[in-house]
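Here come two complexes built around subunit A, the first alongside subunit B, the second alongside subunit C.
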Partner chain A sequence: MNNRLKVLRAERNWSQAELALRLDVSRQAVNAIETGKHDPSLPLAFRIARLFDLTIEDVFDDRA
Partner chain B sequence: MALPISTERKTDLYLAASWIGAAASVLHIIALALDWPDFVKGLGIGILLVALVTLLLRKLRDEYIERLWAAGTSAAFAVVVILFLAKPFVDGAFGFLTGAPYALDVAGMTAPLALLAFFAGFHGARLRDAR
Partner chain C sequence: MTEPDELPEDAGFDARAAAIAAVAGIVFLFAAGALTGMLAAAFQEGVRSPLKFAGIAALVVAAMLGCLWVLRRRLGGLWAGPVSPRIRRARLLMAFFLVIGAAIGILLSEFGPVDLWGGSARELSPTLAIAVILVWVVVVPIATIAWWRQIDEHEALAYKDGGFFAANAYATIAPAWWFGWRAGLFPAPDQIAIFLVTMSVWGAVWFVRRFN
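On to the complex of A and B.
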């Protein structure tokens, strides 16, 4: 699944570690989501969307 | 009172335990195969036990680590099934080649090989993700 996480993070000048801290997940999890190796659970997808004040569809796109 | 540990620290601890467990698992299998002294076998098992207890603590895992755990347990389960299914064929083949009855020591082999498969699956998934 495609996502804009890396772009959104870069816009805020956050490191992966900083984003991981804000989401309460590991840096490895953030990296795996950004590179499309891991699709987040629904609760985590909601946390990500809320953190960036967006909807889940604004962050994630399953039409790849 | 327990000190709060960050998710990052928990993950570091978990991944360290997974590497230590993998090394101890390899040490244990080599020690068994080469019949090394008992204290070496015991050392391998002791380190492995500490690592395994750490790996069983679910509160140390976030959802990505859960995914690695699932990859490891799938590999371990596959090894158990393969050993179970292969035993009659291996027994038959060795019996035919040696001309004497042969019984594969499945009970003795399953645990070390399944643990090795778990660590291979766990770290294999992690290394695939790192590419």
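On to the complex of A and C.
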């Protein structure tokens, strides 16, 4: 699944570790989501969207 | 240049680094087992040549320190950066499992059915056996449940994937070995060997999924 996580994170000058800290997940989890290797669960997707004040659709796109 | 607390976007699994780390880990365990055996033999039978004993022990300790240095160099970056309290607890529990695993590995190498050091395998005392059993059936399951409650969903998925492959490895190896043994093709199935292969598959898949 495509996502804008890396861009959103870069806009805030957050490292992967900082984002992971805010989401209460590991840095590897953030990296896996950013690179599309892991699709987050719905609860985590909501946490990510809320952290950036966006909707899930603003962050994630399931269209290829 | 990649920031210390940032993994590259296109970071694939570094098979070379993982292989080097795995070799360093195995050498560390063997060296720890050798040192344990040396110390146990020294306590039981005394030391004939203290200078020679100290020299060999120093070499073994140096090898262990070298392995730790390699492990830190190859894998240290994986744990860099700030972490939440939950992830920190998960890491501490994982470190605990590594210590338990190393201790069990040393015991297996010293008292297991196959003596890795070329001598005769010593008998395991009932006291030590009961201590190991208690740790294995009480402490480790409790710590595993505690760890499971702390990890994030990415690691949980890696653990489940590892379990899937491990279960299939066990379901493949155990019956095949048993049939081969019944037909006189193989020696009797070694439960510890099958256990070690199963857990190795589980650990390897978890590691690749977790850090890929």
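Structural remarks
Basically, the second predicted complex is superposed on the first by the 64 of 64 C-alpha atoms of A that agree within 3 Å, B and C clash if a C-alpha of one lies under 4 Å from a C-alpha of the other, contacts with A are read in each partner's own complex, and residues count from 1 in each chain.
Going forward, a contact is a pair of C-beta atoms (placed from the backbone, for glycine too) under 8 Å apart; a residue touches a chain by one contact, two chains touch by 3 or more.
As the structure is a prediction and not an experimental result, all values here were calculated from the model.
Following the overlay on subunit A, a clash is recorded for the pair subunit B and subunit C.
Annotation for subunit A, partner touching more residues between subunit B and subunit C: C. By the touch criterion defined above, A:17 reaches both subunit B and subunit C. Once chain A of one complex is fitted onto chain A of the other, the partner contacts of A:62 are absent, as it touches neither subunit B nor subunit C. In the superposition on chain A, A:6 makes contact with subunit C only, while subunit B stays out of contact range. Contacts of A:27 after superposition: both subunit B and subunit C are touched. Using the contact criterion defined above for the overlaid structures, shared-chain residue A:41 touches subunit B and also reaches subunit C.
Once the complexes are superposed on chain A, the part of subunit C occupying the same space as subunit B corresponds, among 37-45, 127-135 or 181-189, to 181-189. Residues 17, 20-21, 24-29, 31-33, 35, 37-38, 40-41, 44 of subunit A contact both subunit B in one complex and subunit C in the other. On subunit A, the positions that touch subunit B within their shared complex are 17, 20-21, 24-29, 31-33, 35, 37-38, 40-41, 44.
If you check the complex, the residues on subunit A that touch subunit C are 6, 15-18, 20-21, 24-29, 31-35, 37-38, 40-41, 44. Subunit C contributes residues 3, 5-7, 9-11, 78, 80-84, 86-87, 90, 152-155, 157, 210-212 to its touches with subunit A in the complex. Per the touch definition, subunit B reaches subunit A in the complex via residues 6-8, 10-11, 15, 62-65, 67, 126, 128-129.
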